[in-house]
Amino acid sequence: MKTPRHLLAATVLAAGSLFLSGCDKPAESSSPATESTPAPASTPAADSASAPAANAPADEEAVADTGEPKVLNLFCWSEYVPQAVIDAFTKQTGIRVNVENYSSNEEMYAKLLSGGKYDLIQPSEYAVEALIEAGQLRPLDKSAIPNLKNIDPEFLDMPFDPDNKYSVPWMAGPIGIVVNTELVQDDIKGYKDVFQEKFRDKIVILDDAREIVSWAFETLDIPINDVTDENLAKAKDLLAQWLPLVKVYDSDSPKTALLNGDVALGVVWNGEGAILTAEDEKFKWIIPEEGTHIFVDSLAIPKSAEHPKNAELFINFILRPKISKMISDEFPYLNPNLAARELLDPDALANPASYPSKEELDRMDTFKNIGDKASDIDDLVTTLKVQ
Amino acid sequence: MAEAATAVPVATGRRRWPSGPTFQRWFLGGWTLLVFAFLYIPILLLVVFSFNRSKLGIRWTGFTTEWYGKLFSNKSLLDSFYNSLIVASVTTVLATLFGTIGAWLLFRYKFPARRMLGLLIFIPMVMPEVLMGSSLRLLVVAVGGSLGYIAMIIAHTTFCFPFVLVGVQARLEGIDPSLEEAAMDLGATPVEAFWKVIVPYLMPAIVAGALMSFTLSFDEYIVSVFLSDATSQTLPLKVYGMVKKGLSPELNALSTIFIVATFFLVLITQVIKKRP
Amino acid sequence: MAVVAEAAPVTGGSSHERRPGWGAWLFLAPLLLWLILFVVVPSVLLVVYGFCERDGLGQVVFNFTWENYVRAFEWKWLKILLDSIWYAFLTTIICMAVGYPAAFYIGRAPERFRNLLLMLVMIPFWTSFLIRTYAWITILSNNGFFNTALISMGMIERPIEMMYTPFAVVLGLVYNFLPFMILPIYTSVEKLDNALVEAAYDLGASPVRAFSRVIIPLTRPGIAAGALLVFVPAIAMFAITTLMGGGTNPTIGEVIQNQFFRAQNRPFGAALGTLLLVMFFASLWFMHARKREA
């Protein structure tokens, strides 16, 4: 009789693992996958692979009790909030943090607006604006966030959220050019130098239609948020020359193609640039002379949040210099927290991809929300990709 | 040609593996070996790189077992692995059940709109996952249900069972009709006949379907994006999230352990089988 | 495609069909319910959304409009759809050619090895899709194993560009779908009557003819099932094609995916999805009609 032993094996494997995971669960209060009854606030050290800072800074200010149930539903970018920070927060406040991730702002909208219950979200700048316009954000109670003073004034009161009514900056970073100097000896200064015939099939760029169009706008001296049909037509002509030269479109990990030698240069996020330059000296990072877009990710509280005060507590917590430093240690982006920057390694501060110079910063613009023009832009780029 | 003279038709039960001239046997064997090599090349690489010192997994920079250590302290990764295992196992059971019974019912009985039903089952296979995931999410929310394990299992089962059904249907084609009739003549009810006669006949297709279901569910990303909640993050969700920072070799370590464990499990069951 | 028509939808021969009794209905009911709730309802939603507009955040707004469906028929989207179908077709053919001999070998293996071999076919796919695919990238890149090995052996001077080409896309697709071809074919091979097979070889036909004239036709249901299980999902694939192909020449799956996220135009994505479904059903129905005539 041909008994399905292997089905049984698989079930046994599953049953076995169920049993094992059951054994693991008690008293881990701050990791994402615990059961619903709140567990004691103290957590054993280092239960994650990241920074070993389970011993949170001892000099914290006293933390007020918000009166809400001790839960926080955090909805953030994947791998953008270090586990150690979450653990430290739980240890300090006794609030358990449930983490759910997303990989794009649009995914975040989709899930937020279709029944997601989140207390804190991490939108990019244009997303903050879109959400404000749609009335989806809850105004911040600034008195609960005194640490806001640590933020660089350059990053406060930005066009997408005047006076920071709804959001607090988390991390920022420009888009830029990375060049493999072993394969490319030219002096690359901007987009025009990248998109040359001689680099055909050697280029990687972000798979983000809005970004791509903004580079064309920068080159044509059009303000990047001035998305009109007329301007798009002009950009289309330029892009029709650029895009056939591209070998790879990748927003998730453009560094792969560069490291593998399949491409020689590219236009990528600064986080990727920082990883590449730290990995091998042959990679050079350049801010395009035509100008570039700087993204600013922020923390904000949705209107439907059930624990807004806990959320404000968390925001204030991550604005502490030592905590903010922990975030920077994990992610080589631009930290807008000046007090934290004073604590950073000189090496980290010296990485040009993470911390552009003042004059480079001046060449950077942020995105504003363009509503349904996003679809037209995507259309344009897709059409050009297909040819 | 060839061996016509000496071979005896198989009523004696003697079998050559596989049948046919020696050359063909070696050819098929060699081909199969090549196919397995093709399937396992990236896996071999994966295993080797789980011992690689460099985090980026592109170049070999030295031997280390640190990633295995880090894996065991990476609770959220392990949890996501268990979640995937649980969801995939339950999905497999349900999908196999639905697929087998569904195939049999469609085959045996003249239900009204049978053809229509037969077509409906293809929808989950051809509908893009992002559409299925988002509409199911809306459905769950609209009826006031909650996201998480149950929602994910429902969604996974929905797109896995057609795979089982199609496979079982193929096996049913050309089945000897007298099989079931004989059983019933001997006093079995239709259900008993099904269970005791048809199911054993279908077993290879059921096993194949189960294997496919498990694989599809275990690796499912998009649908899980829409239907999971904070406590039910599955492995693919975790993995996709890690891409920006670079896929840590902990993942390689996890996969290596899983593969090795499965190998041993399978080997053990094989040994047990040989005993009697 | 005649092969595909055979498989879909198999609703049984005529000699042993019965009218369903209450028992059969009892068992069908839960399945029917499941189908209605989780397949029909989402499909209806899909069609309906295609007729809707979107708001500032790309979500659906219930105002009736034709614009999405009109737009879906523009040549550029149809071209993408046709390209995706072509890739799926190529993948299916290659999987058939590569997978059949292996499935045959496994199906005729001694009983105690069969399930083992089957599992061995599947086990590579219990690793995460992303790391598998990145492993392939590491193998095929310019600095990857394949090229480095060939260069160090002096066989070539400059690396062969394999990544981010149509070759890489098809390789990735074939790799991921091969088991879904092998398994169904195996189930047909496994039930081959020994006597028949031996007889085919022993009755004097050349081995090749025995194989093609007797054995392959006998396993036709398995081949057809395999073709279906590869071709159909392959059309809507997106992740592999993006990773291996570099994002140039997007597939219909990628485009639909995009509508939901980056392009913030869910209604249009729904319209494209509906188009895909309708096309699929139309071709199935058509092939079935032809088969019944034959």
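Letters A, B and C mark the chains in the order given here, with residues in each chain numbered from 1 onward.
Simple rule for what comes next: a residue touches a chain if its C-beta (ideal position, glycine included) is under 8 Å from a C-beta of that chain, and two chains touch if they have at least 3 such contacts.
Note that the structure is a prediction, hence the values are computed from the model and not measured.
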I want to compare two interfaces, B-C and A-C. Which one has more contacting C-beta pairs? B-C
Comparing centres built from CA atoms, which chain ends up most distant from chain B? A
Inter-centroid spacing, chain C versus chain A (mean Cα positions, whole Å): 35
Go ahead and note the Å separation of the Cα centroids belonging to chain B and chain C. 15
Multi-chain contacts only, two chains or more: what residues does chain B have there? 58, 134, 138, 204, 207, 211, 214, 240, 243, 262, 266, 273
Pull out every residue in chain A that's touching 2 or more other chains. 2, 5-6, 107, 110, 256, 259-260
Where chain C touches two or more other chains simultaneously, the residues are 115, 119, 134, 138, 143, 260, 266
Over in the complex, which chain C residues touch chain B? Could you list them? 7-13, 15-21, 23-24, 27-28, 31-32, 34-35, 37-43, 45-46, 98-99, 101-102, 104-106, 108-110, 112, 114-116, 118-132, 134-136, 138-139, 143, 145, 175, 178-180, 182-184, 186-188, 190-191, 194-195, 197-199, 201-207, 210-211, 221-222, 224-225, 228-229, 232-233, 235-236, 238-239, 252-253, 256-257, 260, 266, 269-270, 273, 276-277, 280-281, 284-285, 288
Listed in rising order, chain A residues that touch chain C in their complex are 2, 5-6, 104, 106-107, 109-110, 113, 130-131, 133-134, 201, 204, 207-210, 246-250, 256-257, 259-262, 369, 371-372, 374-375, 377-379, 382-383, 385-386
In the complex, chain A residues that touch chain B: 1-2, 4-14, 17-18, 20-21, 24, 28, 31-35, 46-49, 73, 78-79, 83, 98-103, 107, 110-111, 114-115, 252-253, 255-256, 259-260, 271, 275, 279, 331
Quick check: in the complex, which residue numbers of chain C touch chain A? 54-59, 76, 79-80, 111, 115, 119, 134, 137-138, 141-144, 159, 161, 163-164, 242, 246-250, 255, 258-266, 268
Interface residues, chain B side, partner chain A - complex: 56, 58, 70-71, 73-83, 85-86, 88-89, 92-93, 96, 134, 137-138, 140-141, 147, 200, 203-204, 206-207, 210-211, 214, 225-226, 228-233, 237, 240-246, 248, 250, 261-262, 265-266, 269, 272-273
